[in-house]
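After this come two complexes, each holding chain A, first together with chain B and then together with chain C.
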Partner chain A sequence: MSTQSSGSGDNRVDMIRRVLFESPQRPQSAPLEGDALQQHETIERAWKLHIMRERERRQRSLEKQFRSLHVAMTELEKTSDRLFKGASVKSRHITYPKQAKIPTDTPSTKVWDYSYKALSDAL
Partner chain B sequence: MSSQPRHTAFDEAMNLIQQDKKERLEMLTRVEKEIDRVTKGTLAAQLTALSALKTDLLVKSELNDPAVRQNFENNKVDMSKPVYRYLSQRQFNNFLRPKLLERVTQMSVVPDLVDVGVQPQVQINVQLPNQSFEPGDIVTPDLTTSLPTINITNYHTDSRLYTILLVDPDSPDVTNKTYQQYCHWMITNVELSATESQVQGGQTVLAYQPPHPQKGTKKHRYTWIAYEQPTKIDVTPMSRDGFNTKAFAQQHSLVTRGVNFVRQQWDASVSDIYKDILGIQEPIYGKPPKVEHYIQRHVYI
Partner chain C sequence: MMSRRLFTTSTRSLQQQTPLKIKNSRIAASVILTRAPQITRDATPFEMAYFDYKEKQERAAASVFPQEFYFKKGTLAERRWKEQVEARNAAMNDPSLSLTDAVDQTRASEDADGAAAAAAPVVQADRITKADKENDIKKLDRALQQNLYLIVKQQNKWQFPQTDMQASEYLHEAAERHLKEACGPDMDVWFVGRQPITHYKESPSRKEDTEGLKVFFMKARIYAGQVKPSKDVSDFAWLTKKELVDYLPSEYYNSIKDSLSDL
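Here is the complex of A and B:
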């Protein structure tokens, strides 16, 4: 490996080397201690508690909905066979969303159709 | 001008924790009423489920309280409260027990003295003068010359009977040219519960003999084992030499609940132990003389 130690080029190469490989040793941000740490941990725990309570509330609400629906459907099954089948099966006529946009090379001149009304599944 | 405290995230957090605690305690009163109702009807499975729910509510209502957490950090635990028992047990299960099992397997305490697959349920905390140690640490013999105070941290509120012994599996057996187990100390019928963790009372079967690793031998593993007894037992004092922990446990149908051990090697304090406490001549072990396998041939000049 040939080493050319010329005075004029030295500074530039050293500078490049320093920039690339030596990172400035900065003091690390002070870790929390004492009261501040306690408060931080309490806040973190309370947040997790909040998330858990929300999740459990959502889960209870969904369970309640499912249970009431299940009761209604069992009752319907006993009452009318045709209505039961109609209530349990979704519309089979629409298999592909007709309103889906086909990707094009350039955007359309009509950016957004504000007067659009979706077809309602009246079955 | 009155200094209005800022409404911080910490205040909001404390409010939520207090609200959650209130809701859990309300649920707890309902559960307790249900327990009272069910005990009259004697449905065992339902009762256990309700009791589990009760302890769960008691624990979780206090678990997020920063005061409780700080008490636990500073080791000011009140084992009569389910929260502290829960926190202590969780720390043991997640941090202390895996380390203990690692050390115990690595240094072969496990197949030698204790069955493979035993899960420790209690902590054996031995207080050596001016030194705290981890399982398997190397310690000088002068620290164990007198009986150390032992606290067995357990998590059951009811009082159970324990047997604790100190065994050395690396005691030299000269006649058979191998090592044997030597029992230094045995105490039975010790009543322990979560609130009473210190080993006191009970019946000393074998009086405490301080560990004395002999000169010329390698490091000895001095192991404390805590067994749970099904009932009160009566153990006749046996010889310290040729002890067998597994046979002993099987004979009295004991269940291994806790292990802890320390390593020691000979130093000058052991000579003092032999002279003052044991009162016998100190044995010095060494390697047998080397046998010459090859006869030297003539040297060709």
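Here is the complex of A and C:
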């Protein structure tokens, strides 16, 4: 970097050095006490309770889904051996779809592709 | 002496055509076709309040931001940044205003001089679509936060697309075949494995001499396209779990409700 004799050039280099090499200052915060501490702890406990309940609700929903599946397969086994065996076979050719996407905060501008056409299997 | 039969007694070649009946119960395959949620769910008021609280807590403990490094002195960008910093500092002591809202307020007020706004407009689609406002139950861009399930009107009753199984095919084959025939092939559908996720039973009654029915439901997901109803299907709808209660008979709904996720 060409060194200019002007002050502004030195300031810029100093600033870059500072940002690169010095650890930034953090405000010194005294630990919470008394009322403020109680408020903070109550808020944190309420949040933990909230996510615990969410987690348990999700877990219960999954358990119900699994139970339905299990009961259906038991019923199928009683009904027909052939169908049960056909359902239990795990195909090595089933792959997870690439089109599956996780939910985003806003939908895409073309919200849903209504104009999808089936691929003509011309082999 | 009655010979004990478990399957239809037709020969193998005829089994291609005959619907499957075991112990006086028809076996049917059905499809629960789901459109997954496209957007994240709305935050509850408690969640929003907690996020705002955390944001302020982190700002209070954050390290000093090197403003002179990122913004050149005297530029418009620096002036805008300083306004936002002032708004954030004012919002720190105001429990009803969040930092994000404070910054949004300054952005709204400065949009009057729209020079920079026009340079790079960020177009964000609405979370509530036209289909939501019109409550069009045939559309797939309604209720983007929830799962939508396909039901069809077959023989004048609402149910998931259902077909009697032929004696030669498996459950997943029957389900895929019927979905293509009844709802058209122009849908990007993926069947989740070969196992039925739930079943519905109507027991045969010897007194009334009615045959029973056993329906096994296969799970499938749709990623694009729309239903094209055929002659079997007089009507169709894409409904959330809550709305299904009004359309499906109660016994039928109770059999399937545990296998649908809560969203």
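As a convention for this text, the second predicted complex is superposed on the first by the 64 of 123 C-alpha atoms of A that agree within 3 Å, B and C clash if a C-alpha of one lies under 4 Å from a C-alpha of the other, contacts with A are read in each partner's own complex, and residues count from 1 in each chain.
By our rule, a residue touches a chain if its C-beta (ideal position, glycine included) is under 8 Å from a C-beta of that chain, and two chains touch if they have at least 3 such contacts.
From a predicted model like this one, the values you see are computed outputs, not experimental measurements.
Colleague: A:Tyr116 in the overlay: touching chain B, chain C, both, or neither? Say first, second, both or neither.
Modeller: A:Tyr116 sits against chain C, while chain B stays out of touch.
Colleague: Applying the touch criterion given at the start, work out whether A:Ser80 contacts chain B, chain C, both or neither, answering first, second, both or neither.
Modeller: Touch status of A:Ser80: second partner only.
Colleague: Should A:Ile16 be classified as contacting the first partner (chain B), the second (chain C), both, or neither?
Modeller: second
Colleague: Looking at chain A, does chain C or chain B touch more of its residues?
Modeller: Counted on chain A, the partner with more touching residues turns out to be C.
Colleague: Tell me the contact category for A:Ala30 with respect to chain B and chain C: first, second, both or neither.
Modeller: After superposing on A, A:Ala30 lies clear of both chain B and chain C.
Colleague: Answer with first, second, both or neither: which of chain B and chain C does A:Ala46 touch in the superposed model?
Modeller: So A:Ala46 meets both chain B and chain C here.
Colleague: If I apply the document's touch criterion, which positions on chain A are contacted by chain B in one structure and by chain C in the other?
Modeller: Chain A residues touching both partners: 43, 46-47, 50.
Colleague: Sort out for me which residues of chain A touch chain B in the complex.
Modeller: Interface residues on the chain A side: 38-39, 41-43, 45-47, 49-50, 53.
Colleague: Give the list of chain C residues in touch with chain A in this complex.
Modeller: 20, 22-23, 25, 27, 36-40, 46-47, 50, 53, 60-64, 66, 68-69, 123-127, 129, 139-141, 144-145, 170-172, 185-188, 190, 193-199, 201, 214, 216-217, 221, 223-226, 256, 258-259, 261-262
Colleague: Chain C touches which residues of chain A in the complex?
Modeller: Listed in rising order, the residues are 15-16, 18-19, 24-27, 29, 43, 46-47, 50, 57-58, 61, 64-65, 67-69, 71-73, 75-76, 79-80, 83, 86-89, 91, 94, 97, 99-100, 103-109, 111-114, 116-118.
Colleague: So in the complex, which bits of chain B are touching chain A?
Modeller: Listed in rising order, the residues are 9-10, 12-14, 16-17, 20, 64, 66, 69-70.
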